[in-house]
Structures are given as structure tokens and as C-alpha cells.
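Below are structures written as C-alpha cells.
Same chain, two partners: chain A is paired with chain B first, then with chain C.
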Partner chain A sequence: MKLRIAVEGLGACAGCEIAILDLHEEIVSLLQDLEIDYAPILIDKKSLGDNVDVLLLSGSVRNKHDAEKAARLSEKAKITIALGSCASFGGIPGLANLYATKELLERVYLTTESTENKERVLPSEEIPPLEQVIKPLKEWIKINYNIPGCPPQPKLIKEMFQMLLNGKPITLSKKTVCDECDLKREEKKITKILRWGQGEPDSSRCLLEQNYFCAGPATRAGCEAKCLAALMPCRGCMGPPENVTDQGAKMVSAIASIAAIDEENRVDPEQLATMFKDIVGSLYRFTLPSSIIPRKVSEGENK
Partner chain B sequence: MKHYTVTIDPVTRIEGRAKITIWLDEQGDVKDAHFSVFDLRMFEKFLEGRPAEEVPQIVPRICGICPVSHHLASAKACDMLFDVEPAETGALIRELMHMGQYIHSHSLHFFFLAGPDFFAKGREQGLLALMQEKPDLAKKAIQVRKVGQKIVEKTGGRAIHPVTALPGGVTKKLNKKEVDEMTTDLSSVEKDLRELVNACKEGLLDKKKLMLDLDSQRSYYSALLNKGDFDLYDGNIRVITPNGQIAEEFNPNDYLTHIGERVEPWTYLKFPFYKKAGWPDGAYRVGPLARLNVAERIPTPEANREFTEFKNEFGKLAHNTLLYNWARLIELYYAIERAREILQQEKIVANDVRRPFKIKKGEGVGVIEAPRGTLIHHYVANDEGIIERANLIVATTQNNAHINRSVRDVAKRRIESGKIDERVLNDIEVVVRAYDPCLSCSTHLSDQTNLEVAILNEHGKPLKVLAR
Partner chain C sequence: MHETFEPYIVGFLCNWCGYAGADLAGTSRIQYPPNLRAIRLMCSGRVDPTFILTALKKGADGVLVVGCHPGDCHYINGNLRTERRVALLKKMLNDLGLDNRRVRLEWISASEGEKFAVVVKEFVEELRALGRNPLEGNTNET
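Here is the complex of A and B:
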């Protein structure tokens, strides 16, 4: 019996689906064991069959329509997997939680420089209303597994299929990105936080030890540290490591542990914090909605 | 009088989510039609407060199919904002990454998604049908796309959501081995591409005859041009009239003088238009067909030969929407040829990949031809180089008005006196697909497509459901 799968995206960029296609010719052999029941980006079948084994859901719930669809689809599948970091943690669109929906709409439809909208028309007819905040999928429906990554690397997707085909539970790496990174570490302490692109980093050494913010120590392995191989510091797309909920808190402790606080050439930790120009956008770029404080709370708000 | 509600839910083999509503008048004829797009992710707002040099890392997430376009338009906007000329080899590596993306994105659209309408019997199964009916062609299609993605990975660090571009260039040099591999890969698929294109053309010609009078719509066209030549990476924006005359040619930095965007209450997608012609006359089209209509020649030999053949066949100005598909194939040749040209340059392995820049206050506009059309990123940053305002005009948005018109044309043709020809479903999907709409991009939004077609009577009441 083939494993029947369904693939659907909610509010997303389709990168997770492309990551599946990036298995290239291996898809042909995978299809000997897998049957695609439903995948609107690929085939025309308009609804989910009754015997779907695995539903791969990517993206986040941005409007009422997404919420209904996630519930409707997952009801019919035996196993539901949150594919990618939007579904698992909220992802980059989760940064919208820093603003009220009204502010977001006003910028997009009223004040953007190219917009000509004297009548102050906001989209409101014939379309589903927006949800006020982005939340990880597990807060909407029952999720059996999260497969993180923005997008998950094709290799990780292949491993996921293999575990499913063998009837095994899906397990993820318990290591961090630093464990997969080839750059050389010298246990150097940092005295400042440089902005990316300032100065010229040594291309063989750990970027964090060269004072560049890198989320590697607070990020789960499984991406093969590809960004670091291309000399770009990690931005944390794989989400927090095993048994960690709040990726930003983990990163703060990682920085604290390598800051030159006790040394002769010491740095004031508070001063280090001020060198961060965008704390939320750096520490929680992919995980704000699943962090301890998942959104901006306005003054005077009770919730 | 009979009335129907027609639902296509979801519209498949396109990227994004939308709904179509068609209104009938008292006679049961089509009064109006709307292509409504469902949601948005509001990047324009949440880019505020981010350091500008980080933005090229964030905006690729607008679209998983053409992330390179957003990565590079953003890097170009940051070059201008921080006042740094990108390093020569760095700029070449960026363009090579862009060509890799074209090879991937155009192959994906045509061979995997839309093409099966034209050359596979079980077209509903898309690529899977091709795998069953013509496994050899399917393997070739997979290989061509793979070569594109491998180029993006080597130049951008990752195939999806690349990371290397930053103000002043790119982080990563290329070595000789990587260059040789890319060159070999490209040579290995050139013959396959020819075979694929020939197979497609037969199907396209057939379908073209079928649909010719269905959807020939005249419009303004807009695309980047480099000294009159077709160019996907850089240049000025040229707008031509529905008769093919040059209406305007301008530096992309001046886009606000020439392009306005209108908001409608029934869709999250805005409607850009050419200001001088006003709304609605100035609604223009972008993307492969627009680029071929605007260009005078293509600067690589094989693509230019195809371009000339295209012009001989369809005239200097081609309005038929289905020809977007054909134009896409010609661009695939260009992307492969241009990638090879870049790889042959000695300086592609030089060390000059990035220039230093200083954090400062500034404003930058970055423009590039994304696979689906011209893409504009515009940022304003404060003294600390933190984004204060961001404005994005993406490719599919600029086709929004005409996707709406195409849908209305098809509806008018297939619905008369309350009688609905069921081919309306199929024809709407085929014509919408021709635009290769990327709804993820266009409202910087999301989701797989759900295209619902609802037909309403003269009182706006939904009628009988007719699903495929």
C-alpha cells in the first residue's frame, strides 16, 4: 500500500512546496511508495480524499478562511505535519504581530507612496476578514509533528518521508547549527555586536566570535549550515533547539556566555544590548508567534 | 431563465489563492467579473524598524518561487540607500543567480504547471501526467529545473530563500570548480531544452488557434530595457502604448512619477496603472509577453532567433494572453545563454565580490525583472540605517487589472442569456494560468490557490453550484 499524502499551503510563500520539488529526480522514485492525493499547486484534484495518511500543511493562518481550511483538512488526515517555520512557529509573517491590524492595513492601502486612495477604501467585501495575530498552527489544530526550516532542506524532507514510510515517529536533530557549521571556533570572547556587512569577516572563522550576530547557538541543526557555508550568519530559521521554547531567550544566554564580561578588556552587558539595533527582528525573526511574548501588547491592554 | 453559481475551488496549478465572482444582468448576460485575492502578509509595514542591510534576508520570504528577485531588488535598493556601487564580480554573481532562478521558475511554470494543458492528455495531473505519458520528457523537464536551482544554490548559498546578496555585492566568491560544474550542467540540458520546447510549441499553436478570439486584449506594456535591448537584470523602464508606440522611458528611481496604484474594496490586491494614461486606460501588463513586446532585440543568439520567429509569426506586438507561455520559453533560452556568457568571463572567479559601505540615512529604489514582471523595492532609512518606510510593487500586481479583464472576456464568451457553457471553468483556469500569477508575491500574501467562481444574478444572489 502506498502512503497517501496531501500537500496544502495556508498563508505562505510556496517555498515549502518548492522544497519538496527540489528533491528533483528523487521524486520519481519516491512516487513508487507515495501517492499524491491532493496538492493544488501540482494537480487539479479539488478536494481531499477520505483515506489520507499524511497531510503536510505549510504557512500560517492569516484569515478566517485559512482557519476553516486547516480544520477541515486536518480532520480527514491520520497524521498532520506542520511543514516549515511559518506553520511550526509563525515564521517571518509573524513579525506582523508587532503591529495592530489597523496599522498594517493603513500602511498597505492608504499611505504607501504609490497608492492613490483619496476615498480611503480598505478591502472589506467578498474577501475573508484577517485574523488579528499570527499563531503557530498547533494553536489552531492538532499537529503531530513540526518540520522546521524556511524552507526545510530537501534532505530533511526526504528523511521525513523515509521515517513515515517505515512507520516510525519523526525525530529531528538534537544538535544546533553550530554543530553543523564548518567555521573555526577559537573560544574567543566578544566585546561588541557588529552590523552585518560592516568590516570584512575572516571567511574561515566563526562569525559570532568576530562580533557578528549569528543565531547558530540558539537554532536547531538540520539545515547543513548552508548559510554559514555561504558566509552569511544564521538568522535562526530552523527555530529553537530541542527542549527550548523561546529561541530569543536562548540566544541571549548564548551571547552572555561568550561576552567578555569578566576579562580585562571587559564589556558592559548593557552596552552590548544597545548595540542590537533590532532586538525582536534579530532574536525572534522566525519565532515571534511561538515565543513567550508572541505579540506587541499595547499600553492599557488587559490581555 | 436559468442561473448558475460556478465554483472552481481551488484553482490549481498556480501559486496563490483567489476567488472569481461573475455577475449576470437581467438578461442573464455577464455584467461584470472580479478576480479577488484573499489575503496579505503586509511586509511593507513590518519591514519598518529592521536594519536596511537585513532586508535582503527577509524579503525573499515574500515568494518561495522567485525569492531571488526579491533578494536582489532589495540588495539593489540597499546599494543605492547606502550609496555603494556593487563590486563588479559581485554584480555578475548576482545576475548569474537571477538567471538560475529564471531557469527554475520558467521551467516550473511551463513544464510542471501550465504546460500539461497543452501537451498531456491527463492534464489534470500536471507533472504527474507528464511522468506517466512521456516519462522521458518529464525527466528532462526535471533536469532543466534542477540545473537552475543548482546555480541559485552555488551563487546564493541556498536554492530557496538565498542569502548571499548584501549592500555592495555578495558574500561568497565562486571558485573554478563551481564555475566548471555550472557550465557542464548548462551544456548537458541544452539539447533537452530544444526537445522540450519543440514538444510544447506544437501544443501551444493548437491551443492558440482555439483561444485566439477569446482573449485578445490590447493593453499598455511595461518592462526594463537596457539601451533598447531586452534585459532581465538592469535598465530603464519603458512603457509602450497598445499600438506599440513608446509612451515613456524613465529611470526606475522616478517610478512614483509614472506609476500609481488603485485600491478596490473587493480584493487585497492593488491595481497599478500608468499615470499619464490614468485609470482604467493606463492599466498595463508586465512579464514575458510585455518584455518581448517592449524589446527591440534579445542580445543572445538563440533567444534572438526565437524572438525573430515569434515576431514573424505574431506581429511586432502580440496581445494574445496565451502567448505569455510561448514568450516564457524564449526567455528560458535567454537565461541559459546569458548564464553561459557570464560563466565564460574570467572575472567571474575574481575576489572583487563586495565593497564596504557605511551605515547612514538614505533612500533607495531597487528594480529587477522578476520572472512574472518588473519588481520594485523602495526603502527610506533613518540616520542609523533603520527602515522607516518601505514600498513594494510586485510583478503580478501589475497584471491584476488585466487578469480581471481576461476573466471577464472568458465569462462573456462562455455565458450568454443565462446559459453557461461548462468550458468556462477550464478556459478561465487556462487563461489565468498563462499569466503565471504569483499571488504569494502579489499581495506579499499567501496560500495555495483557491479560485472560486461564483455567478450571481441581477440581485447579487448566488445561484446553483456547478463544480468540476
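Here is the complex of A and C:
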């Protein structure tokens, strides 16, 4: 009997579903053993059948509708997998946790440069209210496995299907992006933090050694360091490596450990910190909701 | 009834300087507030930012990291690593809405028992003025 699959996106961009299609011809041979029962973005079927083996959920729970949908669908599936970084850790939408919902709505509907909203109307009717904070999917429903990546690499999706078909637990790489990166590493000793686009990096050497912020040391491998192959610093979409809960804290550790401390090049610690334009956004780009401090708080709220 | 708020402080003290300094404060019978819970580590360089975040998450109102004076580190430069780690972490905490004075890094040598007591006293006063840690899950009953 074929393995019955369902795919659904919550608050997401549908990139994870497209990543499944990015298996191209390989999907044809996989379909000999798999059957896609329900996947609104890929096939035209309105509801989930019974006896679904595996549910792939992508995206984050942004409103009540998403929360209900996730709960209802996962009830019918034997295995539920969080597909992609949003579902696994909160993802890019998770950075909304740095703002109050009211601030977000006002920015989007009133104050963006391209907005014309003279009556200052905010959406209110027939729309489910936004959740106050973004949480990783595992805090809403029971998740059996996380498949990280923004989007997950098709190779990773293929391996996931193969492990499922063989009845094996899904395992992810225990290494970090640096282990998969082909750039030449010599001695790491940084004196500043550069952002992408500042200057021209040497295309054969480690970007971190050239002072570019790269999240490779604190990011799980499995993506084959494709961004680095194109000389783009790692942004950390695969989330923290094995046994690490807080990606940003690990990255702080990594940067502090390679900042120059010899007499000649010594970087002032305070200055090093100010070289980040947006330190939370850089270090927790995909994982803020699953980090130790998952949202912005304010002094005095617990008085 | 008005009660004074007693801040809960987790202290990470290095074995060679900070902890020895605290020990000296004790053996010299120098009085300082009992709000600090000391954790001895071999080096302040062992303080992973995760430790500090976890302490704050679990309700510590402040975290004190004590290492040797620069140049005196038993492991040559562990304290300088921590200095950078704490600076980055403080910037991050600030952006996450916490007052970064909740995390304090001090250099205290084994002979500075008096300084240790002064630092703890000052820190307790500072945290008292700041109030409770705003993070959820705060179980601040000392």
C-alpha cells in the first residue's frame, strides 16, 4: 500500500510546497510509493481523506484559523512533520515577536510608504484575529519531526520520504554548515562585522574570516552550504545544530571566540556589539520564537 | 503591607579569582547581601550566553559574571572572550526589551574580598531599583 501524504500551509509563503516540486523528475519515481491525498497548493482536492499516514505542515500559526486548521488536520494523521523553518522554529514571521500586534497592524495598514489609507481603517470584519506571539508548531500540536530550511532543500525532502518509506525515524545531520562549506579556512580573527554588500570578499576564503557575518558555525548542516557556494553568507535557516536550543546565543559565543584579542588588532567589546545593525534579527533570523527569550518583553510588565 | 523587593542574583564566579575573592570576603567576615547564589566555574570563559539567558528565563533578576582582571586569567584569555560575549549579549538583551544592567561583568581578583562585597551590594541596589525580571515564568520568591 502506498504511503498517503497530506500537505498544508499555514501562515506561509508556499515555498516549502514548491520545494517538494523542486524534486523534479525524481518525484515521479517517488510517486510509485507515495500518494498525495491532500495538498491545496499542488492538487485540487478539497478535504483530507481518512487514513492519512503523513501530514506535512508548513508555515507558522499566525491567527486562530491557522491554529484550528493545524489541530484538525494533525488529528487525522499518524505522523505530523513540521516542514520548513517557519513550522520548525517560527521562521522569518517569528521576528514579529519583536513588536506588539498593534504596532504591526499600524505599520502595515497605515504607515508604510506605499499605503494610502486616509480613513485609517484597520481590518476587523470576518478576519480571524492575529495571535499575539508566533510560536513554533510543536507548541501548538504534537509534531513528530522537524524538517528545517527556508525552504528545505529538495534533497532533504527526498531523504525524508525515503526514511518514511523505510519505516525509519527521520534523522538530520549532526554537523554544522561550516562542516559542509568548501571555502578555505585559515585563522579566524575578526576585527569588525561587515554586512553583505560592503566591499568585495575573496571568493575562495571563509567569509567569517573576512569579517562578514555568517551564521554557519551555529547552524545545522544538511543544506550542502549552497549559499556559501554562491558566496552568500549563511543566514541560519537550518536552525541550531544538534543539542543546541538557542542559535543566537551560540552565535554570540562563536563571534566572541573569534574576535581579535591580540594587542595589535584588539576589538573593543562595546564597539563589536554596535557593529550589528540589528543583532536579534541577524542572530535569530529564523529561530526567535524557539529561542530562550522568544519575544520582546518590557521592563515593568511583571511588577 | 509593603515589602522590599529582594532581587535574586545568579553569580558565575571563576575558580581562580572571582570565587577566591568571594571566599576571602567570607573568611574576612565582610558583610554583603545574601541575594547572590554563586556558581563556581573554572573560568569566566566557560560562561556560555545560554547560561545567562537560561538564568534570566528561569527568573533571576540579575546575573553576575566574575572573572580575573585582564592579563591575570589562569587560562590566558578566557576572560577577554567572556568580555566580548557579555557585550554582544547585553546588546541583544537590550533589543529584546530587557534592561541590560541585569547582566553585569566584573573583574575581581582573589585578594579583593572587599571589592566583591561592594559589587554585590551595588548590584542588589541597582536591581532593586530596576524591579522584577519581566520574563514569563518568573518564580521570584526568595
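As a convention for this text, the second predicted complex is superposed on the first by the 296 of 303 C-alpha atoms of A that agree within 3 Å, B and C clash if a C-alpha of one lies under 4 Å from a C-alpha of the other, contacts with A are read in each partner's own complex, and residues count from 1 in each chain.
By definition in this document, a residue touches a chain if its C-beta (ideal position, glycine included) is under 8 Å from a C-beta of that chain, and two chains touch if they have at least 3 such contacts.
These numbers come from a predicted model, not from an experiment.
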item	value
Partner chain in contact with A:Asp50 - chain B first, chain C second, else both or neither	neither
Partner chain(s) touched by A:Cys16 [first = chain B, second = chain C, both, neither]	first
Larger contact residue set on chain A - chain B or chain C	B
Contacts of A:Glu186 with chain B and chain C, given as first, second, both or neither	neither
Partner chain(s) touched by A:Thr112 [first = chain B, second = chain C, both, neither]	first
Which superposed partner A:Val121 touches (first chain B, second chain C, both, neither)	first
Partner chain(s) touched by A:Leu98 [first = chain B, second = chain C, both, neither]	both
Which of chain B and chain C A:Val267 touches, first, second, both or neither	second
Touching both chain C and chain B, counted on chain A across the two superposed complexes	98, 278
Interfacial residue positions of chain A with respect to chain B in the complex	8-19, 21-22, 24-25, 27-28, 31, 36, 40-46, 59-60, 62-63, 65-66, 69, 91-93, 95-96, 98-99, 103-105, 107-109, 112-117, 121-128, 130, 150-151, 195-200, 226-227, 229-232, 235, 237, 277-278, 281-282, 285
List of chain B residues in touch with chain A within their complex	8-16, 19, 21, 34, 36-42, 44-46, 48-51, 53-54, 57-58, 61-65, 67, 108, 112-113, 123-128, 131, 138-139, 142-143, 145-146, 149, 153, 156-161, 163-164, 166-168, 171-172, 255-256, 259-268, 270, 272, 354, 356-357, 359, 378, 384-386, 389, 391, 393, 440, 445-450, 467-468
Touching residues on chain C, where the partner in the complex is chain A	48-50, 53-54, 56-57, 77, 80-93, 95-99, 130-136, 138
In the complex, chain A residues that touch chain C	98, 245-246, 248-250, 252-253, 255-257, 259, 261, 267, 269-270, 272-274, 276, 278-280, 283, 291-293, 295-303
